[in-house]
Structures are given as C-alpha cells and as structure tokens.
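Input: a single structure, listed below in structure tokens.
The chains carry the letters A, B and C, assigned in the order they are written, with residues numbered from 1 in each.
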C-alpha cells in the first residue's frame, strides 16, 4: 500500500500505526544487508505511532497521520526529540547531534516549533546517501554502499540511494530525498520508484546539510505520483528561515494532479498536453534498453492524449562541465565549516591549528568530497574565477533560456533519466569523469532550477528498472504530476515489486 | 588646499577602513541578541555557530542604518547590491567564510567634512559595505589553548573605506573623530570604542612630494583616538627610517603596541591573498527602492555641519564655536536651550566651550550629566551681560553652583559679595574721596604721567572692595580731573 | 591547460587538505582528466550574457527578503555545544593561535 491508501486505512481504523510501524521496523531489521538505513530509533518510532493512533482516535488525524516515513540523512533531525544522529553520510559528522529539525522533517512530523501542527507522519529513521550528497551510486557513503533491491550486486543510484532502495524494498512507503544534479530522479529511475524534484525554492533548505546552495532542492520518493503529490503538499511551502524559499501560498498538489485538463476525457486524460522531446536527450550513446522503455512510455502518453513534439536543448552536453564547476565551487565554501572546532570530527593528533585543520578535514572527508573541494577551491581561486566560475554561470543562464525557448512549443519535456540502467557496485571504478558524464540528462533541469520527475517506465537489461524523466516549467509541478499520474493509471510498472521482497 | 605638512621631507599618506558595529537588537543574519558582555557563546545561535543546515536571513535594521549613513555622507545608495563570501579558515570564523560585500557595496562614494585647525577639510569615501563581525579568541588561561567565544560573530558591521586623502596624523584623528561623531549622531552605532563598536584600520605610507604612492602598511584595530595618532606617528617614523637606510617597506598588516610604543607586523594570516570571493548563493541581491531611501532621508535629523552653519549665521558664532556646539547632538541641544534661556548666543557658546567643557573634562562627565542646570547657567550669563557681576565673579558663582547644584544665582552673587557697584552717585562719592586723599597722584597726572591715572583707578577699585565697574570708575575720574 | 603537482599542493593548502604524495599524483591525474571536459565550455562566446547565480532570477529579478530586527533566539549553548570536540567554561578550545 502507498501512503495515500495507508492514510485512508489508518483513518478508517482498518489498521493501527503501531502495527504498521512494528511490521516495518521488523522488515528494516531483516533487510540490514541492503544498507539503506543509517539509524533507526524503534522506541521513539513506536511512541510516535501510538500518539498518532491516539490522535486518529480523537478524530484529529490528517491524510498522513501515522503513516511511516524515513529521511535522507542529509536532513538534520533534532537529536533530543528523535534520538537520531545527522551525518550526511560522512565520517566528518559521525554521531552528530543536531539541536533542531530541518523544516521538511518538522512539517512531515510534529510540526515546526512555533508553527502549525505537522502532517503527523512517523519517522522510522535516517537513510543512507552519498557523502554530502556527492555521487550517483551511493558508493561514496562513509557508512557503506547501498544495494539495489532489484539486483543486490548493483547500485541503487545516488545520492538519495538509501531513500530509493528503502521505498523499492518496501521498508518504508515513502522517503525524503534531495536533488542537486539528479540525486532524486536518478536513484528513483535505477530503483523503480517515483521521485520528484520540485522547482528550486518550493521546499525549504533550512536543515538540509548544504552541498550546492543554488541547486539543492528537497523532494519525495514514493511508489506513485499520487503519493509524491501528497508528500510534497506536506513538506513544501514558504519558510522565512530560507532566503531562497519561494513566497507562494500552500499548494494542494493532490487536487491539482486530479484537476481535469480542458478537453480531457476518461480515455484521453492528457488531451492537448504537448510533450517536447529534446533531440539531445536521445543520442547515439543512449543504451538501447533504456531508449526502448522510454519510447514505449512516450507512446503510452500519446495514447492518453498527449502530442509529442521535437525540441532542442543545444547545450545539454555543456551542462556537465557547467554543473561540475558550479556545484563544487559552492561545495568547497559550504564545507569550510567542517573544521573540527565546534562539532564533528577532530583529528586525534596534531601539531598546531593549521595541522589540526588539515588532518581533521583529510580524515573526515572521503575521496569524492575531497576531489570536489579541490575543483571548487581551484576554480574560485585568484586568476581563474572569470574563466571557470563566471563563464559557467553565464552558460547556466543560456541553458535556462534554452528551456524557456522549448516551453514555447511544449508544456512538458520528456526523456530518459540516465543513459543506462543501474550498474554493478564497483563497476565505474575510480574514474570520476565517467560518473559525471552519466548525469547528462538530469543536470540541465537542475542548473535551470526546473521541476523534474522520474516515473517508472518499464524494465531494461537484467530486469533492471528504467525511469522516464519529465521536466516541467517553473512551479508547474501540477502538470508533471498529471502526466505521471495518468501514465500510472494506464501502466503498472510502479506497482512491481523486486523478487524476494 | 594648503600644502601638506612634511615629516623629515616626506609626505604622509593615510587612508582608513573603519569597522562600525551597527546598533541593531539582533545579529545581521540571525535572531540572536547583540548585547555586549554576555557569558561566552550564550548569544551565538545555531546560525552564528554555522551548525549544519543553517541559513542566513538579512536584518532590515542593518540595511536601514547603512542607508542612513549613505544619505548622511551624500553617497550613492546602490539600488541593487550583492553579498559575497570571503573564504578563509580561522577559529573565530564559524562558516569558513565571512558574508560581506565585494564587487557591489550598498553605499558608494560620499565624503566626510570636518575642521582641522579651524580650516575646513573633506575626505572622500570609496565605499561602505555591510558584513558580519567575527567572534573573539581568548588566549589567556586555557592551558596553552585558545578559547573561542562566538557571541560577537554575526554582529552587523558597516565597513567604511576612505580614499587616501589624509596627509597627517592630526588630520587622520580629526577625520576619525568626525566620522565617530557622525555615526553616533545618526544613532546607527553606540560609538563605544572600548567595547570595539568603532574600530579603525589605518593604511599608512610615505613618499617624497610629487612621487608615486609608497608601499602602505595597515595598522589594525586602533580603538582609541590617542593610540590612533601615536600609532601613525610611530609608523611614519619607522617607514622613513627604513627608506633613509635604503631599505624597502613591504606591504604588511601591523598591530600597535602602546606599551612598547611600536608597530609590529602580524604573523600574516595564512594565504590572506586568496579569499575566493563569490556571490553568496544563500542570499539573492539586496534591492533598495528609491522610496526607501527617500523615507530615510525624510526622517534624517539635521546633520552637524548644517546645524553648525545655522549657528554661525543665525547666532553669529565663529566656525570653531559652531563646530564645538555640534560636537554631539546632546551638546547642540544644550547650547540651543541655554541660548534661548539667556538670549546671549555668543556668551552661551563661550561658556560651554570654556568653563563648562573644562569642568566636564576634569570630572569626566558628559554634557547630559552637567550638575549646573541650564536655567541657572542662563541666569548667571544674563548677570554677566547686564554688568551685575564681573567675568571673574561669575566664574566663582559657577564653581559654587557646580559644587552645590540648585543654588540661586542672584542670592549667590549677593552672599558672595560679587555684585558690581552700578549706583553712579555712590561711585561719584568714592571718586571724590580718592581724589581728595591723593593730591600727589593728581598732580603727577596733571604733569602728564598716565601711570598716575591708573593708580587712581586702582585706589577707587580698592575703596569699592572690587565692586566698582573699572570702566565706569575711569570715566568718572577723567570727568572730575577735567573739570578741576 | 593542465595543472601541476605544485598547483595541487597550493589548492590543497588553500582548502586545508593534507594529501599524501600518492594522493597528490592521483588527484593531479583526476583533476586534469576533469578539466579535459571543461575545455569545450571555455570556447563558448558568452559576451553580454548575465550570469545566473540563482535559479530564482531565471525568469524574473530575484530580490532578497529581509527579516525584522527582533531577537528570536534564546540561549541554547548546552544543546549547541553537545557535539563540540573541546569546550571549557562555554568556550570552544583550539590549539593556541599566535597573531
């Protein structure tokens, strides 16, 4: 059952949150080898579930009250309240006890300190991810890789790999993730779940451990578009503690998702919807199995009333260097606070302050994080700023403008999420560039700050899931959800369960 | 502009960077308090400590104060300015970067005007930008370790940068005093230099007249005007010695050690040369509409320069007196009250500049704390004006009023026997007595000895026990002597 | 353009990272590999293009939102220092700093 159905069942008292929570805690325990969870507090989870059941009994429940959820460990969780550390998948923050909750965590749970009550979901624990969300395979976590439930020898994708794997393995009905360059969409695609990266500014970044501030955005990973809509409605919205938070009224995404399009019929719910296919998203290098699944899903969308139009995003390939200059530059600065002075890892032995800084940071950060800090420090350093950082930000503007040109001709843009299905753990080896190139289809929307989704579109080689990427215009999550929902009414890929789950 | 004074044949060139703590209730990017002297790290919230997941949100009060300053110095208030990150590692810098303004500051240009030895001077400002203060490092008493207190971290600063327009330590101090007076006048800074609310960095270089600028050294954290002048004088001598010895002056940041009386180069902060500035992605551009600037302009108090000019024109004060009366808003308000109460602007200004200022300095009191009330001082000044009491007599009354506030002026003049004799009849009688009693002097005067006349005046004063008005006495003597 | 081992050392020092000789050579190789794919980007003519520092300003001018000047954060030192490596009467301790 997805969270929408669970919410209804709990409200109808057909099952209790305590039963549900206990069952999932058991599954998490049995599936430890998956590596999806970094921390679980069973006692507090069951207490929260009991409280939720009581609230429902008092008739004070909402659509998500008592529904279990788990959070990517990039979101900080108030340690005193949750008993959960906040690590960002890094040795640097092993055991770090945050004194506050991320806004997203608070809104899905008990609510913000001075704010209205939250959605009342039950937090099961924290989910594994690439260190500081830097990676696309979850192999960069300081606490071990996550395995893909569809084939445990393969990666679940990243950086929200724990979130995708936990939802795919049915350890939790829904999870939060963050997407900086594809970190929600790509693992959702690799693990056969539905993931949504909202428009930049829709979800508050307060309490999200920063990777690249101008790109980071929180979003849901769940079993269906309907579930994503429910979760997004509860976790999004203006937050005065984030100066980049969009000042917009709360959005009822489930209602917007169901709103019939003008001229729509039951058989053709997407009547009049123009879906643009950038030719650059279907290059020769695109794996045949991925291309086939994506084409099939597009044909399905056509049957549902959508019309496909060819568009162009000429700077798609350039998005790779542009992103991998901007994101590391911001990261090199954002990670400057990890110096062993106020919290986090501090080296055991050092000669002086400089030595403490260097040993602390060299011990605390993993190889990929160090690489990106090095790239970012270099491109911002004296004499290189204009050639790299400034040039990249100008190209970023051109890439954003390319999208606006496309949206003259279409309402949504569609294509693959990744060039291949999930690869084998360790297969990419120690070649960062190879990994960077695989992000080609998710980076453009990230740079522009546009909303994007990955919707299960079928299966490719070795029976691995393939996702269809949908990209909408700014703040048009509704159209994304409408198309995804229509597709999921006509197909059952999103309901498939990995063998042995 | 007068030729700049030379030191040992060198021209001194001075520019300033002044860190002004803005008097907001909360920090520039967080809701923590800014009160001075709280227990360590009790006023450093999650944002100030740069805990993972925290974000900055800009304080409107800090921007408002920056605008007030910009308008006051006739600068351009940027319609759009950018916050940038200045990246470096230091224990008192929690984020590993300082949020500051780099390419586009909020205040651009402007000038500070002041008097130097009575002559008007003007120093151009390059810019003034908003930034956050760092924490404090305590080096004493932690068994070889350094303790970090981040209460000050995130306190709003307006860094005011001047052009290298100053040519002597005296001019530098005059500029610093004028700037200090202005920010306090504008009520954007409490001006408390002991607590670090107003910190000056002086960029000092020397050159032969007409030569290109010499290499400058920056004297950091000068927090008193006295140290400011000493430090610059010492630094200037040091640089000239180097050059005279044929050595070069290397660019450096130096600290002033008042005890050793020397400026010492700081152990240079690691790679201070590569701050990797870039626009802060957490903070979109700061937009200030003209309407906001106009609202601030409309609410602006009359500025010291304008008020001084008004006092010169309307009250006939000298430039120096005008400047002295506007040394602070409180002083100006006191002058206006006193002037209105006694109707003698020039006398009021003279009393405030001489007796009152001297007494205030001796007792370390501010004008607000003056024990002598404005009404009684006004009463005393009126008595000086109408000749009831002499200047020296009035000073005695003032001292008495200072020692025992609340005394009644006329009563004191009487009880202290300081009333001048103004009754012409009585004085006439005294004069006749003196003339009768000193025929010798009279004869000498008649013989043309002017000294004898002075002696006679002295006799009249003596006979009147000092209460006679000397001028009046002289007049009557001449009349009588002329008659007979 | 390609980096040298000296560049790597300089950048590592700026970033306060300590790299072994082996790590430095590996890093040099990987960074040069990466800057290989950057070259294409540098060739693009971007004259007159406004940089896009935040996606918020992609379609309309973004402006900074301001908070009112109010104290909203009470003292939370105990909670804030829970994960501090070294503290003494409320102060964070670091190796002696010489100025």
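Basically, a contact is a pair of C-beta atoms (placed from the backbone, for glycine too) under 8 Å apart; a residue touches a chain by one contact, two chains touch by 3 or more.
All of these numbers come straight from a predicted model, not from anything done at the bench.
Taking the mean of each chain's C-alpha atoms as its centre, the chain lying closest to the overall protein C-alpha centroid is C. Counting C-beta pairs in contact across B-C and across A-C shows that the higher total falls to A-C.
With each centre defined as the average position of its C-alpha atoms, the distance from chain A to chain B rounds to 59 Å. With centres defined as mean CA coordinates, chain C is found 42 Å away from chain B. The distance from the centre of chain A to the centre of chain C, each centre being the mean of the chain's C-alpha atoms, comes to 23 Å. In chain C, the positions touching at least two other chains are 14, 16, 53-54, 56, 64-65, 67, 76, 80-81, 86, 92, 94-97. For chain B, the set of residues touching two or more other chains reads 46, 49, 51, 57-58, 89, 91, 148, 150, 270, 274, 276, 281, 283-284. In chain A, the residues that reach two or more other chains under the touch definition are 96, 99, 214, 240, 243-244, 332, 339, 341-343, 353-354, 357, 377, 381. Chain C contributes residues 3, 7-8, 11-12, 14-19, 27, 30-31, 33-34, 36-38, 40-42, 44, 46, 49-56, 58-59, 64-65, 67, 76, 79-86, 92, 94-97 to its touches with chain A in the complex.
By the touch criterion given at the top, residues 13-14, 16, 53-54, 56-57, 61-73, 75-77, 80-81, 86, 88-99 of chain C touch chain B in their complex. Interface residues of chain A, counted against chain B in their complex, comprise 75-76, 86, 88, 93, 96, 98-100, 102, 205-210, 212-214, 240-244, 329-330, 332-333, 335-339, 341-343, 353-354, 357, 377, 380-382, 385, 389.
Within the complex formed with chain C, the chain A residues making contact are 79-80, 95-97, 99, 200-201, 214-215, 240, 243-244, 246-247, 317-318, 320-322, 324-325, 332, 339-346, 350, 352-359, 361-362, 365, 370-371, 373-375, 377-378, 381, 387-388, 390-398, 400, 404, 431-433, 436-437, 447-450, 474.
Contact residues on chain B toward chain C in their complex (touch as defined above): 24-26, 30-33, 39-47, 49, 51, 57-63, 83, 89, 91, 137-139, 142, 144-150, 255, 266-267, 270-271, 274, 276, 279, 281, 283-287.
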